[in-house]
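Shared between the two complexes below is subunit A, which has subunit B as its partner in the first and subunit C in the second.
Right after this comes the complex of A and B.
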């Protein structure tokens, strides 16, 4: 009886919870689902939606790239290691971009919100959501 | 004749205590490390949720906004990035909870809290998207929202227990 009362009282809450969890899981599947990629993958480094360095091809040898924008107070080092990219160092507070680790597949992203910098992975000419600035 | 708005001493004292509690929870929360960027447990939402069920909505809104300002002031981040993220989350979360409470009448405090927690993460990501000028920040949304739903459920459980407690019931009857 108690269980029946509980379900009667919280049916709306349960439906809401299920809808929200389904929405999150659906979005997660969309982002994490493996995609067929033709051509090399590149890392696009953007500041305020504008590319600040040439796209970094992931298949290259290990190398470091410096992003320095003195007018905006941005100083970051981005490393390509084992066909992945990561932020090696950054002058932002919090250092969340450094802690995010390396990315290597399309749709993944590293964000440095204090520096307004985003790093996304895509193929050249790809016009999916991950490379479309606002 | 226009009726003057009256405040009982109990009500003012209770709102002050709730504001202090919201600031304390928000301040403590700000020191919890982020496992996923932007994810916070949303402890201060507990206070807003309780106020939404006890007082007119503008009291809850006032406490919610004051909390964002005062925590930012305490941390020295006023009008900086964490302040805007917090404000974005608080405003959207409040708007959604208000809608849920007054329009979606079939929801209890649990449903309202879940929607508020979900909207909080969404609000923060919208501010992040506006700052970084890219929609791709929504890559994080599924992770943030799932954690938010868990914290929203915990917040709702606490709020439900507190709203049924004797002192709060007595205050509601006044």
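Right after this comes the complex of A and C.
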């Protein structure tokens, strides 16, 4: 009787709970489900959220890119090697970013907290460059 | 409490999903192809919307061909075969000899000679000529002083008349003779097309892009030579001259460019200050001087090759040269002396307020 009373009393709560869990699981599945990526993958190097060098296409040949921001005391070398990117050298005190190694998917990210630099992987999409510095 | 926890969980997932959906919508549409190549001694950045990888490869091959043909300092090969390029033509042993060259190099050389004539003008009985494709030996000598990264042996003081006079004589007494697919260098002057090689290659790149029906593109050949189509949204690019800003983009000189070329000559990359004078890699063929009187000259016009030539000529000749050449060519220009605008015309379409403050 107690069980029956309980279900009668909390039926609404149970339905709400099941709906919420189902929705959450559905959204999680949507987010995690592997999907085809259209376009090349690029590494985006940002300092305080602002792009500091042009996006680096991962499919290119091995090359090094210098990130030099004297006003912010940032000096780093980003290397594209075997279609991955890594921090080859950095003037930060911890060197954690160097130790993080190479990344190649959008699920990975390199953070250099002391230098306020992040490296993420994404497609270029409709990202546009409209200002050309000379 | 349980309800609140579940709702928070749901909210978190919902936010994550929204972020992902936004990314999905951004990657739809035509593909942007972007790559950087080491060409013409600099990084050449190419961004084209809607291009295939094959088209990008074609474009690279085109630019690489002109880079190899116009290289005055190194023997080069293409497709595994050694080619006759400017280095070959400039070899001491090849003075007075017929050298078989690619028609593309012939076209480059003929353009250089034609521009030498076309940019020479008379004013008040005085002839002014600021463009000479035979200036190679003098430019190379100056680079030993100006460019600390030069492979040549460095020199510590500016070139003197003693050094320059024989080189100027060689330059002025040298000519090219074309005969079919051969060219003969008559004289000891060395051919140097560095002032317009990138622009000429971009002219060919523009032809290719037009043929392929590609509109949204940007080719940045080391910032001194730009070829601009329209942006992915179909708008004009904003060209931003960084030199006046000293790091503050709000103070940059800006102007729009759409389906146009930009040629820029300046001291930003190669210069050396000696006893209060600034020297650069751009040499005046009149007296062999490499002293810079301006900081930057930027040109906007339809033809990348012409933009390169005009920026060199006006860097040396200043407002007078700009005024004279404006009678023949349709272009926008701006001359910056390091602290203020020396001269600018309406055709540049400068869009920021710096003009009012400085002009």
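Keep this in mind: the second predicted complex is superposed on the first by the 90 of 134 C-alpha atoms of A that agree within 3 Å, B and C clash if a C-alpha of one lies under 4 Å from a C-alpha of the other, contacts with A are read in each partner's own complex, and residues count from 1 in each chain.
Note that a residue touches a chain if its C-beta (ideal position, glycine included) is under 8 Å from a C-beta of that chain, and two chains touch if they have at least 3 such contacts.
Being a predicted model, the structure only gives us computed values, none of them experimental.
J.: According to the stated criteria, A:13 is in contact with first (subunit B), second (subunit C), both, or neither; which is it?
T.: both
J.: Is A:24 touching anything from subunit B or subunit C once the two structures are fitted on A? First, second, both or neither.
T.: both
J.: Should A:60 be classified as contacting the first partner (subunit B), the second (subunit C), both, or neither?
T.: second
J.: Now for A:108: first (subunit B), second (subunit C), both, or neither, which partner does it touch?
T.: Once the two structures are laid over each other on A, A:108 reaches subunit B alone.
J.: Check whether A:120 is in contact with subunit B, with subunit C, with both or with neither, and answer first, second, both or neither.
T.: first
J.: Looking at A:51 after the superposition, I want to know if it touches subunit B, subunit C, both of them or none. Which is it: first, second, both, neither?
T.: A:51 contacts neither subunit B nor subunit C.
J.: According to the stated criteria, A:100 is in contact with first (subunit B), second (subunit C), both, or neither; which is it?
T.: first
J.: Can you give me the overlap between the subunit B contact set and the subunit C contact set on subunit A?
T.: On subunit A, the residues that contact subunit B in one structure and subunit C in the other are 13, 16-17, 20-21, 23-24, 27-28, 31, 129-134.
J.: Could you pull out which subunit A residues touch subunit C in their complex?
T.: 13, 16-17, 20-21, 23-24, 27-28, 30-31, 35, 37-40, 42, 54-55, 57, 60, 63, 71, 122-134
J.: Quick check: in the complex, which residue numbers of subunit B touch subunit A?
T.: Touching subunit A: residues 34, 37, 81, 85, 104, 106-108, 110-111, 114-115, 118, 128-143, 145-146, 149, 153 of subunit B.
J.: Once bound in the complex, which stretches of subunit A touch subunit B?
T.: Counting only subunit A, the residues touching subunit B are 9-13, 16-17, 20-21, 23-25, 27-28, 31, 46, 48-49, 94, 96, 100, 107-109, 111, 113-114, 116-118, 120, 129-134.
J.: In the complex, go through subunit C and note every residue touching subunit A.
T.: 2-3, 6-7, 9-10, 13-14, 16-17, 20, 23-24, 26-29, 31-36, 45, 47, 218, 220, 223-224, 226, 228, 231-233, 235, 237-242, 247, 252, 254, 257, 262, 264, 298
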